[in-house]
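Multiple structures are listed underneath, in structure tokens.
Next come two complexes built around chain A: one with chain B, the other with chain C.
Here is the complex of A and B:
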């Protein structure tokens, strides 16, 4: 009985940790190099995404949530050319009907999207959205301007973006939600460290 | 063989107690030199507990394995970027009626502290130079190199195929634009950072980038461990489509497990399926081992599932059954279940 109480207490009070062993963590080295070709090195900044962050995401983006794998310690990478900051790289996952889609986002120092690359996407329509034409709808946008691409239900893209997505509207919705959460969480959690870099 | 054995004293020197203390102090010092007003902590840790029950139907035996450990990960940084990272995993492990028991235990009810992974990977070398890994790490071979199975029921026969899953040593690794590689020289002492009776292992894998939907790799292994010499060459692949995965590994080689050299072929084929929220994972494996001199090959089917309730709690189950009756007369049939909790 005592053991059972301890287990229940642990279940209730346990912090958010990674479900996977830490030896399986891998840095997106190739993708950072692809998104920042001038990069000579990178700086990792690890922060804890907890239930309070999750609540703030739900509040800022109604009808949205974070997948449980998105809680716990996560890394923002600062792409550097020697000691000069080139920008930031943030990998986030978004649930889709093809499983989790992982996207590597490249941001400039003002948290404006520079580019993105799919790290893991098992949708057969990935190639349609990996095009420069579709990416242009995201490049140069910050959180507020990107939010205008969201339709009133808060989870799907508006007609302007869906028009660029051609036959891949569902994946376009996933990319948009992922972009918004990335920009929001980066600002909420990493602003202090990023300000110190400047 | 001669060239591999002559490396032993140099690698061994990396693991005397003074070197490890100096290494820890150096990394600690470098870490504290971070140039920001608030030092970047970059530290992950969690307590990892699991209880596993094994029902060996063929031998009518039920056993249990309990593990409670600390899993840690730390990225070391300086003002010009990351220097490297450290992984440390120490587990108190208790057996209950476990037969046969793993080599690091003295009897079927023994308990001991097990170091799973404990290594640093130095990543701040000049452009074009590989990262340098030092410590106790998983041998870079086959599917296991990309798909970590530490503490899980899912297994890619790494330890059985190579004679050890993890070993103390030094390695070089890097991820380039189109491929990645990892090679290592380890001492063959398995849980001990030393060479035992001339033991060593040279392991390496080169493969396409691990995050793609199709991944292909080639591995090599050359070792002498526990008095057994082993040579292996293997190919492995992973292909993912929607929520399905098709994985395989084929290894050819020879060893001296029965005093003289005998050829061995090993094939593994896995089909897996995940739910869209990735909480449920199902897999089935078909494994064939063929040894020269044996009248029959060994064929196994392994069916398993895992369910991740949240970021902490996971339930997994598997049933492993031998398809062909071995010369000893009884087909192996092992049913296992595990509850794992990370907090």
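Here is the complex of A and C:
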């Protein structure tokens, strides 16, 4: 029954699945499997990020609004263990020094960060952020708790986080902004579908 | 060592130290220049890499746009950006040539080209071929990630090199600054050391010598010699020491000489003040500069009233008609003169000598008071005149017998003639009375015959003539004698020397003619200025002395001539002559070889005094048994003709 609803829902919500969805995983099966090893199957929910979403993001994160190229279709992957939702995978790109950084975010059902991985990060400092110590600053945090890692200017990370990425502060800021946007947009844009999946 | 050697050493030291300092600083500066140039090039490289960074970021962002929006037209722009990147990378490779960065740069170029190939491949892909897209994107990400890693590595190296060069530049500059200060300090220390050394070794000895030389007069011996000094200063100090010693000795000598001079001055002053005549020192202008005590007595005033006054104020004879100092007059000797009329005793005698004192001409004049002498001279002159007259009278007395005889002869025949004329007088008177009584002619004739009137008349005239001639002879003798006895006028007269000789002969002929034959050759025929009676007395004395020298018969030869502008009058006899030992005394007063009572011994003395008075001289030559010759020389009178 649930599968049926999801299928129906997907058909309703994502009528154009064959259309190009940006910020998507390059190898969704493998990448989601890597993040959710119990995954048996997955779902993709494609939705448009429009100006209203952008406005809401701007309101929520005043100095961290979406840039123009982030508008459009975006895909949220749902990792499934048969009929059970294991979590969500959301790929977001964020402008950095060396072009867009694409981070694959693994969220649990409560929209708490479970893990993340870089799909694209040309900076050699990427390895610093791939460390467990740095990731631990994100893992287990939801949007509210993550927001506490922002400094007073609302753009850059606070000293607590930057202390974990002393050699790559700029990249750490990118990761934090990307995480906040990901959690916020996921909740703003996909909350209905995700609730239905549960 | 000599100062010149020190100077050379100093110059060499300065030159070498300057060269070392300059070359060191120059070398260091060149290092700075090199580092600075490298640093500049490094900064340019950093800027180029920065540019490369930005271009790369744009390049990657453009690719991201291509990947996100799949707008394949961006591939062309990306390709052009790739070309720019390659160009930039080539520039970087040129700048980093030879190092590890160059290899990395080539890797970057290769990555760009590789990525470019991938990007170009996008335009060939179908929009539907998502896996191909994803594969290409993944390939591109792989390439660009490597590119960024290399690029950051290159940037890090370039930046590190730039930082190192900056540090090196700062270090080198600091080294240069430090070295400059150190060298400058060393140089200043060296200069201070050299200057202090100079001061100690060269200047100090000179200051020591100067300080010693400037010390006030001290009795203790000054030591100018310097031991620790350059050779010249040692030599100089030794020379000064010797000079100082020499000065000390000379000073002692000078002091002794000053004492001697002082004593001599005292002596001179004593002599000057003791000398029995006024002694005056006069300068070239005739101003009295010094005088002795006797001057005060002579001029009856004080020295202060004498000094700084002109000598002519006291002695007018020493002034020319223009009133100037008469140098010619002052140099005369024993010149008699008169003081100015205000002096009661004006007669003085002065002598002057020219002397040089301290290079200036002065005149030393002695003035003697001769007033007493003048009085004595007057008395003596009167006495002398009396003596001359007495001698003259004595000679007259000697001549008197002859003169009497000479007078007696004419007087005798005058008397005889007068007796005859007296005898002739009565017959003449009778005859004249008879003739006047108008008697018969015959009576008259008879008386004329008887009285031998004709003879009487004829004889009267010769008798009268003879009488007159006798009277004339007597008159002449008396006149000559009178002339001889007559005292001369006080002023000399112009007289013929030959005439005077003849007059003397007329006076003595009667005395001498019986034993002396007198011959004369009076050829002078010139006048002399003199006193005729005195000269007559001389000649008579010569003749009488000559006659006395002749015992029985003899000759006297009188000659007058002009010899060497003088009248030469010689009286030569062939009498007994004068003994040689007496010749030098014959003119002395009261010298006589005649028996006592026969001669006064004043004759020749008076002769010489008269000759002296006539500015003449008398010589005598004699030989025993052969006779004597007295030669008198008198100046010829030359009439002054004023035009």
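Just so it is clear, the second predicted complex is superposed on the first by the 171 of 198 C-alpha atoms of A that agree within 3 Å, B and C clash if a C-alpha of one lies under 4 Å from a C-alpha of the other, contacts with A are read in each partner's own complex, and residues count from 1 in each chain.
What we mean here is this: a contact is a pair of C-beta atoms (placed from the backbone, for glycine too) under 8 Å apart; a residue touches a chain by one contact, two chains touch by 3 or more.
If you're wondering where the values come from, they're calculated on a predicted model, not measured in any experiment.
Which of chain B and chain C touches more residues of chain A: that partner is B. In the overlay built on the shared chain, the residue A:99 is in contact with chain B and with chain C. Touch criterion met: A:46 reaches chain B, while chain C stays clear of it.
Look at A:87: by the touch rule set out above, it reaches neither chain B nor chain C.
By the touch criterion stated above, A:120 is placed in contact with chain B and with chain C alike. Applying the stated contact rule after C-alpha superposition, one finds that A:26 touches each of chain B and chain C.
In the superposition on chain A, the residues of chain A contacted by chain B and by chain C overlap at 20, 22-23, 26, 69, 95, 97-100, 120, 122-124. The touching residues of chain C, counted against chain A in their complex, run 56-57, 60-61, 63-65, 67-70, 127, 130, 134, 137-138, 141, 144-145, 147-149, 152-153. Of all residues in chain A, only 20, 22-23, 26-27, 69, 93, 95, 97-100, 120-124, 126 touch chain C in the complex they form. For chain A in complex with chain B, the touching residues are 7, 10-11, 14-26, 28-31, 33-34, 40-46, 67-69, 71-73, 75, 78, 80, 82-83, 95-100, 102, 119-120, 122-124, 192-193, 196-197. In the complex of the two chains, the chain B residues touching chain A come out as 36-38, 40-44, 46, 48, 71-73, 75, 77, 79-82, 87, 89, 116-117, 124, 127, 138, 148, 150-151, 175-177, 180, 209-211, 213, 240-243, 274, 276-278, 308, 310-314, 341-343.
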